[in-house]
Amino acid sequence: MANQLVEGVTPIDEATSRSLHVRGVDKSFGGVRALQGCTFDVTARKITALIGPNGSGKTTAFNCISGFYVPDKGSVMLGDRNISGWTPSRIVHQRVARTFQITRVFKRMSVLENMVVPVRRTGLKAMFWDGIQGNERDRAEKLLEFVGLLRFIDDHAGTLSFGQQKLLELAAALMAEPQIMLLDEPSGGLNPIMIDRLAGYIRELNALGVTFLIVEHNMGFVMRLADDVVVLHHGSVISQGRPAEVRADPAVLEAYLGN
Amino acid sequence: MVPLVILVALPFNGLNGFLLDLLYFTFTYAAMSVGWNIIGGYTGYISLANLGFFGLGSYVAGLMLTHLGWPILLTSPLVGLLCALVAAAVGWVALRTRGPSFVIVTLAFTFIVQFLALNLKDITGGSAGLYLPLLSLDPLLRGDLFYYYMLGVLVLSIAVAIGIRRSRFGLGLIAIREDEGKAEGSGINTSLFKIVAFMISAWFAAVAGAVHAQYLNYIDPDLAFELIIMLNMIVMTLLGSRGTVWGPVLGAFLLFPLQSYLVYWLPSTIAGEVHLALLGVVLVLVARFMPNGLLVTAQELISRRPPPRLETVAVASGEPAQGRVRRNG
Amino acid sequence: MLLIQGLVLGILVGGMYALMASGLTLIFGVMRLINIAHAAVIIFASYLSWQLFIGLGVDPLLSIVILVVVFFIAGALLQKFVLSALIDKDLSLALLATLGVANVLEGSEGAFWTSSFHSINTGYAARTYQFGEIFVPEIRIITFAASVILLAGLYVLLTHSNLGRAIRATTQNRGVAQLVGVNVNRITMIAFGIGIAVAAAAGPLMGMYYPFYPNSHWGWIGKLMAIVVLGGLGSFRGTLLAALILGIAEQVAILYIPANWAAMVFFVFLFAVLIVRPQGFFGHVARESL
Amino acid sequence: MRNFRFAKVPIALTVLALTVASCGLGSSSGTPTNNKDIIVGISEPLTGDKSDIGTNSDNGYKVWESVVNSNGGINGRKVKIIQYDNNSLADTAVSQYQKLVTVDNADVLLGPVSSALVIPTEAVAAQYNKIFVEGTGGSPQVFARNFNNVFFVQPATVEHQADPLVSWIKSLPADQRPTVAGYPTNDDPFAQAVIDTVRAAFEGMGIKTGYKQTYPPTQTDFTAIGTQMKAAKVDILVQGSVADQDAAGAVKGYSQVGFQPKVAYFASGPDSASTWLQLLDKKAEATMTSLDWLQESTVPGNKEFVDAYLKLFPNKDNVVPAEAAEAYAAGEVLAAAIKATGGVDNAKLITWLHANKVQSVEGNFGWDAAGRPQGGTFDMIQWQSGKLVIAWPADVATNGTKPVIPKPSW
């Protein structure tokens, strides 16, 4: 019955899902060391939250995983494959999709076009034939329905409200049939009702086997959702574990209060 | 299709050599503009290299003719291919990084090709140029030949442009124009897409250059790299509507005849200079006040719809269109 | 001996290159815009200075003062009424607009002054100093000195004035600059004006140095772009250094390879830099905007 | 396919408009020819980088038209010139000659200035078997394709321009002869051709080649080149300059780095009378070049031409540019052929010119099969105490002056 939950997302079977392992990653800009020996795991089929005070390197870590930055040192493993240094697109093709902290949609393209851009496809015919093929429109419609945007399908994405754009970004990411989704501040700027809806969607998708890594400020949201919490401070992991454990960890309190 | 029929029919109701010429040039510019539009319009990267490829095409084709005796009108597609490969190399340098380096490299590339044409005397004949054997044909027949040849290239270019516009490839290019980082993050291999777009764009410029070389029976570093050619491609595309299939064609069909008559209308002692300045003025004005170009602006006026999108999506029923108008204000 | 001669001439010409390129860098810094019309502006200034000299007998060095003022205003207006609107909309449009401007200037120069060579021949400074085997034309010393003075002025303006600080802030990070209360739009307008004014200042010097004709700006913009890329786009110090390096490289190259190949030096450097180190030799690590 | 539907309309309209307009123009602009007039088609670069010489040449044609017509035309038929500006762009020039032949029904064609424009346009004339007489495009490539319809109206092709220099140096006693020559050459087919012949001859006479480089047309800074020639101990400078600008620029550069040859010959520059003096003043002394025509020359018809020119285009120092004379001569040659064949049958005109010599202000000579002039020579001129004089060959030298050697320092 699982696939009834979210039409357009095929459940991910146990065997194929892989975990992410960040291993001793350093990244610095000019003099600033954003990450130092950053090490943590994103377990397959779980929801992992990445938290930490401002400037603790959350987004940098995120960008190293998704390929936007090349780590100066260390490695990012997808299953047993080292993907550090890969281009973002190549990583996406490994079924690792991401959203952006500041929501980004192709404003002058229609919602439907926004949906099909991330579709995984290869081969000349696929490239140079119709932009929307086979069941893609169908899948797109189902996913848009899932996030309640179907009625805007032909509008310019730029005409959607902020919250709607966030949902569109999520739905579009799903078109890439990701095994792992990296969400950067998904609840940022959303009103409580929206946040609840979002939490709902994430749970449903997770139930289908989608692995999540979520960078988040909103503690309530995180603690409600996450199976695992990773706490970054000054670019290194100071604590990792179940929400309850992390909450109890003095180092974490120190880090937050310290700031 | 209407225009095509007219154009095919035209030479039969006795076009004189001059008008055949005029249209031949118009087709050439239209095809080059359509080509430029693929990198400059769809992808949003301003290329100043297409002039370089025009000239390179002229020389490669010319040398093939003089050294190997291969007739240009047959080799031109191959010439285009060779230049497209060069484009791949240039693109690799210029397009790996995002942002401004592209325009610089493309301009530099044009200068370099011209520079080599000028200084590799033993190969290119240097400033003395390269003079080609004439196609021995009756002038009018010859005119027809070039006319139909270029018309063919133009039709091809439009077909390609439509194809790309409809394809996932085109979708990717437009995504790159809209937000390259997001596109990359959505699984589009932006470097590859950009380079391929650049190659296609170069192909048309090179073919046009090759045919032009045969047309003039002569190539030299000045006229193979006349900067006004590049300016024309860009202005025509922008005026017509960047990023649309038909914009560049429209632009070319408006601007070229206008320009060539300008010379006959204005007092000749200034026509040439004014010509250049006017093109510049048009470019600035269009960029500033009508960046969408004639076609899109007209469409917006007529249909009150936002700029054209992927045709496949254009199946949109009228209803949401209404809704959209309301939302737009 | 030949080598030293080349070095001397190279440094002297490099000083002027620096002046010509610094405006381009400044503009790129604040607007992320490659001003394709930059060399055209320089040539245009040369023509005006020539006209002032022939018509009213205004000394070219003196005419710099006039031109700087006029071009600053013109530049600021152009930025305010044409470019600023495009910068926010689509940078490539602004780029094309500058291309248009370049051709407007080139065309009108041709219309007013015909397209034959012009050169500004002041009666003075025809002498040449000789130090042993080394010959140093007085005119070059003058243009070099003038360039250095102007650059120094610009440098002080950028480093020791509130305006300069605001410009540098805007260059480094528009958003932040705005947050700390810099009127970014106004600063951009002024900075662009200054960039154009600097180009105008270079005009008369260039005209005393080299003959010029309407489309000679294409040759120059190629050189200038090579300089700013080598210097790391937007880096003022980098540009100065790059200008000297290329100036010397060019003058020395002319001594050892055919004159008609020497021009290639610039493009060789350009491509070398872009392949090896796209952010330029002196540019800070460019952080890709996500 | 919304785009497409939308686009059809404007495209179709444009095409229609275009055709209507152009067909309209096509027929109308064919200027009203009462077929007594002889229509002469010309495309000249009146703008763009060749505008100066283009205008000079165009004025020469105008003078010819007025002179011919004021003498009652050719065989009683008036000459009517249809002329367009090609903005120094070859393809514009080509399409304008197309227009001249197909739309304006020109009877005969005269050429534009500069080899660069003649080479592409002569081919158009050849396709329509139209005679094509031109006065300024003399580079070897012009004749390389052996078009029989082209006629170049100067005493000799450019490669022979410097012959008088060679013969003069030959005539010098061995001890006075320069020993090392320098050949800086503008990257221009015309200049190259001049220099190559001189160099061949000099090396034959045992004058070493101390410096030989081409510089780009955009070259403006000659100090480096001067430095090198100085280092190479060059004592005779033979510069392949194309205009007074690069020649004068060179002189400045050389004097700046103290390069002082005994003889300074320029393929072009010293001939542009007043400007040369303005640009160089004292430095102009003893600089030389060759001329196909001199304003003071006494060949038949020259006085009439010079007077007519100065009447039509008066200028403060009464100068008549050489390009004007060359154009005028081209006109004379064409007229002679028309007079002789009694019509404008181009085939006849062409055969007649291949068979006969014609006297023009450029001299009295004929043409070979490819249109190269046969049997004329250039004169060498030199600046002596602020005046331009014919210095060689001795028999034509202005009241027996000899070339100055060694040249005073510049």
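When the chains are written out, they are named A, B, C and D in that same order, and each has its own residue count from 1.
Operating definition for what follows: a residue touches a chain if its C-beta (ideal position, glycine included) is under 8 Å from a C-beta of that chain, and two chains touch if they have at least 3 such contacts.
Note that the structure is predicted; figures quoted are calculated from it, not measured.
**Q** Enumerate, in label order, the chains that touch chain C and chain D alike.
**A** For chain C paired with chain D, the chains in contact with each are B, in label order.
**Q** Applying the contact rule given earlier, which two chains have the most C-beta pairs between them?
**A** Chains B-D share more contact pairs than any other pair.
**Q** Taking mean CA positions as centres, which chain lies farthest from chain C?
**A** Following the centroid criterion, the farthest chain would be A.
**Q** Cα centroid separation between chain B and chain D, in whole Å?
**A** 36
**Q** How many angstrom lie between the centres of chain A and chain B, each centre taken as the mean Cα position?
**A** Those two chain centres are 41 Å apart.
**Q** Could you tell me the distance, in whole angstrom, between the mean C-alpha positions of chain B and chain C?
**A** Taking the average C-alpha coordinate of chain B and of chain C, the gap between them is 31 Å.
**Q** Using mean CA coordinates as chain centres, what's the gap between chain A and chain C in Å?
**A** 46
**Q** What residues in chain A touch two or more of the other chains?
**A** 68, 100
**Q** For chain D, which residues are shared contacts with two or more other chains?
**A** 47-48, 51, 88, 187, 214, 216
**Q** Could you tell me which residues belong to chain B and also touch two or more other chains?
**A** Touching at least two other chains: 118-119, 181, 185, 270, 272-273, 275.
**Q** Chain C touches which residues of chain D in the complex?
**A** 47-49, 51-52, 88, 184, 187, 213-216, 218-221, 223-225, 227-228, 231, 243, 245-246, 249, 252, 255-258, 279
**Q** Show which residues of chain D lie in contact with chain B when the two form their complex.
**A** 1-4, 6-8, 10-12, 14-16, 18-19, 21-23, 25-26, 29, 45-48, 51, 55, 83-92, 94-96, 98-99, 101-103, 116, 119-120, 123, 126-128, 139-141, 144-145, 187-189, 192, 214, 216-217
**Q** Applying the document's contact rule, which stretches of chain B touch chain C when the two form their complex?
**A** 40, 44-46, 93-94, 96-101, 103-105, 107-108, 111-112, 115, 118-119, 181, 185, 227, 231, 234-235, 238, 270, 272-284, 287-288, 291
**Q** So in the complex, the part of chain C that touches chain B is made up of which residues?
**A** 28, 32, 34, 36, 82, 85-86, 89-90, 92-97, 99-108, 110-111, 115, 214-215, 218, 221-222, 225-226, 229, 233, 260-261, 263-264, 267, 270-271, 274-275, 278, 286, 288-290
**Q** Residues of chain C touching chain D in their complex?
**A** Within the complex, chain C touches chain D at residues 1-2, 5-6, 9, 13, 110-111, 114-117, 119, 121, 126, 128, 130, 135, 137, 139, 209-211, 213, 215-216, 219, 251, 254-255, 258-260, 263.
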